[in-house]
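Consider the two complexes below, in which chain A is the common component and chain B and chain C are the respective partners.
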Partner chain A sequence: MGFVRGFFNWLGTTLKLMTYNKAGFIGFLSTCAILIICLIGPFFIPLDTKTKLDNIYQPPSAEYWMGTDHQGRDIFSQIVHGGKDVIYVAAVAAFLSTFIAVGFGTLSAFAGGKIDTAIMGVTDVFLTIPQFPLLAVLAAFITLNNLTFLGLFLGALSWPALLRAVRSQALSLKERDFVEAARALDLGTSHIVFRELVPNMMTYIVISFTLALTAAVYTQVGLVLLGLVPVSGSNWGVMISFAWTQGAIFFRDAMWRIMMPILAIALFQLSVITMTRSLELAFNPRLRTMV
Partner chain B sequence: MQNYYVRRIARALLMIWIVSTIIFFLIRLLPGNPVEQYIARLIETQGMDYENARSQAAALFAIDLDAPLWQQYADYIWNLLHFNLGVSITSPGTPVSAIIARFLPWTIFSVGIGLTFSFVFGILLGLMMAYRREGFLDHALTVFASVVSSIPNYLIGILLVVWLGVQWKILPIAQMRGTMSPGMTPSFSWAFLSDALFHAFLPISTYVLTTIGTWMLSMKGSTVGTLGEDFVTVARARGLKDWRITTAYVGRNAALPLFTQLTIAIGFVVGGSFLIETIFQYQGIGYVLSSAIAQRDYPVMQGVFLVITVSVIVANTLADFLYGWLDPRIKVG
Partner chain C sequence: MAPIIEVRNLTKQFGKGAEMVTAVDSVSFAIEPGETVCLVGESGCGKSTTGRMVAGLLEATSGEVIFEGKNIKQLDSAAFRRYRQTVQIIHQDPYSSLNPTQTIRQIITAPLLRHNKVKGKSAAEARALELLEVVDLTPARDVIDKYPHQLSGGQRQRVAVARALTVDPKFIVADEAVSMVDVSIRVSILTMLARLKKEFDVTFLFITHDLALAKYFAWQGRITVMYLGRIVEDGPTQRLITDPRHPYTQALLSAVPEADPELAHHKREIELRDAEIPSLLALPRGCTFHPRCPYFVAGQCDVAVPPLEALPEGGRVACPVRMGERISLLV
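Moving on to the complex of A and B:
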């Protein structure tokens, strides 16, 4: 019981801290809503695959919330089903790149010396090579038909900017008084790392993760638009890509078909980025003790 | 003083060398590398025997496949120094360097104008937001900046086509395709310049819209921090004119951290430009890259990718020079 109560206490404090920034909290709610719709929605809303030629390019109505596409299919059901692949790939990529960035960024900062020079040298080279063309050129001779592999591929190449940021954060933490004090008290390396450093780095790690998430959505949809990722089915990126290659962006009536997946992606990106403002508060150990 | 510039240039050259080396090993040694894929395709589609296919591939990539690896590498570097990047597969006989020379200036033109415009106006708007913080203008611009900077740039590009071109019919998007109107020849005349700007209008607007938000928000944050500094209070106490404090004391110092961000932004914008150019059918280097990727024209892909990376390195070095000129302190360190 005590554990459960402790958990709810923690959750309550976290949510309370998050409401301190109103825009951030709205971003949080909207991110949750998008996640729920995309991950649970498909179980309740069937994907409309039936061609209804008497029904093409309908504007939004009570029956078709987001209108219909060039084959008279319901766009809303495609949007609901089209999110999970995008979010899954982005999450895999974000986990991998955050892991690399945080792991090697802190290692670089704390080890110093030759290890630091080597890690930063590699990072600088990767940072100089423009990410998106590199991904596109590599995708031209690597087959990316598996979602997990696509996520790992994106994650493996998109850590450099995050690593630099994490390293500079770790460098500044290393010199702070409380770390100095913990060292002077001889509290041991594991205490210093997990009790002093990680809680202070947590904000940074979480924000790195959300930024990596949006970056992965960006590159992923970009690769789909270039036709380099043969992902089939209804996926927000694939929807835009089809609308584009079929020339629907130049067709007046086809507006809803293009606008809805664009809005879905834009709303997801905006929500996640805005949410970071609240996460900044929720994971700040100093604010927690003040509540 | 001199030392700073020399160090920066040496660093840029080192970077260019490392990147070219990486590219060499990617095309030559990776399993399923372009050379092997091209040989396989020739055998498959043209019924060529292995020897012929191999020698044709060697000619295209300007690599002697029978020489030892170090010799191939030395040749590759030697060829690069002479701007010999091989020959295009899809338009036979056209050297890759000629393709680059023809299309690169358009990308430098559009990306350069777009980034400069957005950086300068972003800084001015950010400065204004910081001076009028918590006012209506600040809130409105903050919302605008957060929204535009979170939407992927190619989606903004598509939105511009859909709304300005198709739904509202404000812009003649069909005429705006390409880099200049038919029959126009490059010259230093108003007619040519305005035509070039007319055709580059949509890509430039996209670059400005997608990057200006970041500059506005960073500049605002940085300015608010600078306004509390002692030297600003001292400048006020000395009775300096407000305008002079804003420009020479607050603005100049607040803009400094943004220059480090500029170097990352240049890479990002140049990197993303190839989707933007494809959307607007703007024939710059990015457009060439995306069609080379679509047709698997490996020598062009390799050459263009190298040129894009080198442009980013050059742009970063220029940004570093500008930074060193604005903040003399870093030249010492």
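Moving on to the complex of A and C:
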């Protein structure tokens, strides 16, 4: 019971802190709304697959909130169904790249010597490789039809910049007296890393995670748009890709069809990025005690 | 009695090649259990570096730190754990010695639980409260759930002391422990540390740049004076204060302001030949103090490093120019 109450206390404090920054809080609410619509929405709004030739390229109306496409299907239902995969792939990519960056970045800073040299060498090589062309070339050889695999693939290529930043932060933190005191108290390496260092880098890590998330969304959509990832199902990237290949940019009537997935992506990215302003506050112990 | 900590020819060098600096040069001393030793010197003289090497937080370039009769590098893991817990350090800056993301409760209970000093969280809390009371943070209940930024510098320093006490240390290196604390609460922290000395049977290595403070804290103990990485003089505090032998110690003492105007008026001022401390990158040959020393003897002081010689009254001094000669030099 005490644990549950503690959790709700923590949650309450965190939410309250997030309201301190208005823009950040709106971003947070809007991110939540998009997540709910994309994850739960498909259970309530069926995907419109029926071709209605008398209904093509309709502008938004009460019946079709976002208009219709070239076969007269409801764009709104496609948007609702198309977010899940994009967000899933981006989350997998962001988790993996943050995990690699934080894990090896702190290891590099802590171990020093040969391990540091080796990790930094690999990082520099990865930083030199232009990621998008590499992805494009690799996509020609590897079939990226599995969403998890695509996410892992994107994550495995996007960690180097964050790793460098985490390493430099850990290097400066490990010289602080409280880390030395923890060594003197023989608290062990895992305590020092996870209790002393990581909490002090948490703000930075969370913000980097959200930035990795947005980057992964763009990379993914870019790959789909270029046709490098097999298109299947409905997803925001696929929608843009189809609209694009069918010449939607030349039709004035087709504007809604190409704009809606672009807007959905842009709104998601904007929400996540503004949300980071509030996340910054939520991890600051100075503010935590003022609530 | 066997010394609790002994260092032999401890040397620490930083950097490489032309940039290499010898921060600590062949320092040797032994500290008996129950003793209070002050390490005094100007900033940059290697006293903090020595303290960190004694606490096992910095590896010496050469020389050894001896614990239980063995070099700490050769201790087996059980003995090293014992050493780690026996020797604790209190840092100078209470603003960086406490993790800003942890509450006082987390800071104090982590070592208690890690080393099985208590069983369970409630016992850990009880012990943490007890330790906070010991360092005069009362009422402890008001403090325990606070974050470091909610406490004043003096309170933080007390938390740092309480944290060091969690592992029942027998030897504490207090590295400028009160120099960043407001003057008004310095004395109360020093009194608290002096009480720990008795109550917890703790031996202190008290590092400070302030000779007046050393005199206050270690009146019954010893003072070791360092200059540019070397020990120039050590001995029982009362002898060293009333009858300093090394010209550097004399200069330090003459710089301590006296509250009594009568005393201040009659105090002998030592005129240094040069006010500047030489750079560690270009140390003078021989005695490193010779460019500033009023008793400088050409051809003697600037040739060889004077060895630390034992004095019949206790202690050691590294100055070959004897008292009698000095007076004739000044006249």
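Operating definition for what follows: the second predicted complex is superposed on the first by the 273 of 291 C-alpha atoms of A that agree within 3 Å, B and C clash if a C-alpha of one lies under 4 Å from a C-alpha of the other, contacts with A are read in each partner's own complex, and residues count from 1 in each chain.
By definition in this document, a contact is a pair of C-beta atoms (placed from the backbone, for glycine too) under 8 Å apart; a residue touches a chain by one contact, two chains touch by 3 or more.
Bear in mind the structure is a predicted one, so any value in this text is a computation, not a measurement.
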{"item": "Partner chain in contact with A:F141 - chain B first, chain C second, else both or neither", "value": "first"}
{"item": "First (chain B), second (chain C), both or neither touched by A:L39", "value": "neither"}
{"item": "First (chain B), second (chain C), both or neither touched by A:A111", "value": "neither"}
{"item": "Chain B versus chain C as contact partner of A:N200, first or second or both or neither", "value": "second"}
{"item": "Residues of chain A touched, compared between chain B and chain C (which is higher)", "value": "B"}
{"item": "Which superposed partner A:G222 touches (first chain B, second chain C, both, neither)", "value": "first"}
{"item": "Chain A positions touched by chain B in one structure and by chain C in the second", "value": "none"}
{"item": "Touching residues on chain A, where the partner in the complex is chain B", "value": "124-125, 127-134, 136-137, 140-142, 161, 214, 217-218, 221-222, 225-228, 240, 244, 249-252, 255, 258-259, 262, 265-266, 269-270, 273-274"}
{"item": "Footprint of chain C on chain A - complex, ascending", "value": "176-178, 180-181, 183-188, 191, 195-196, 199-200, 202, 285-286, 288-289"}
{"item": "Touching residues (chain side chain B, partner chain A) in the complex", "value": "15, 18-19, 22, 30, 32-34, 37, 146-147, 150-152, 154-155, 158-159, 161-162, 165-167, 173, 264, 267-268, 270-272, 274-275, 278-279, 289-290, 293-294, 296, 301, 305, 308-309, 312-313, 316"}
{"item": "Contact footprint of chain A on chain C as seen in their complex", "value": "52, 55-57, 81, 84-85, 87-89, 91-93, 96-102, 106, 110-111, 114-115, 146-147, 149-150, 160, 163-164, 166-167"}
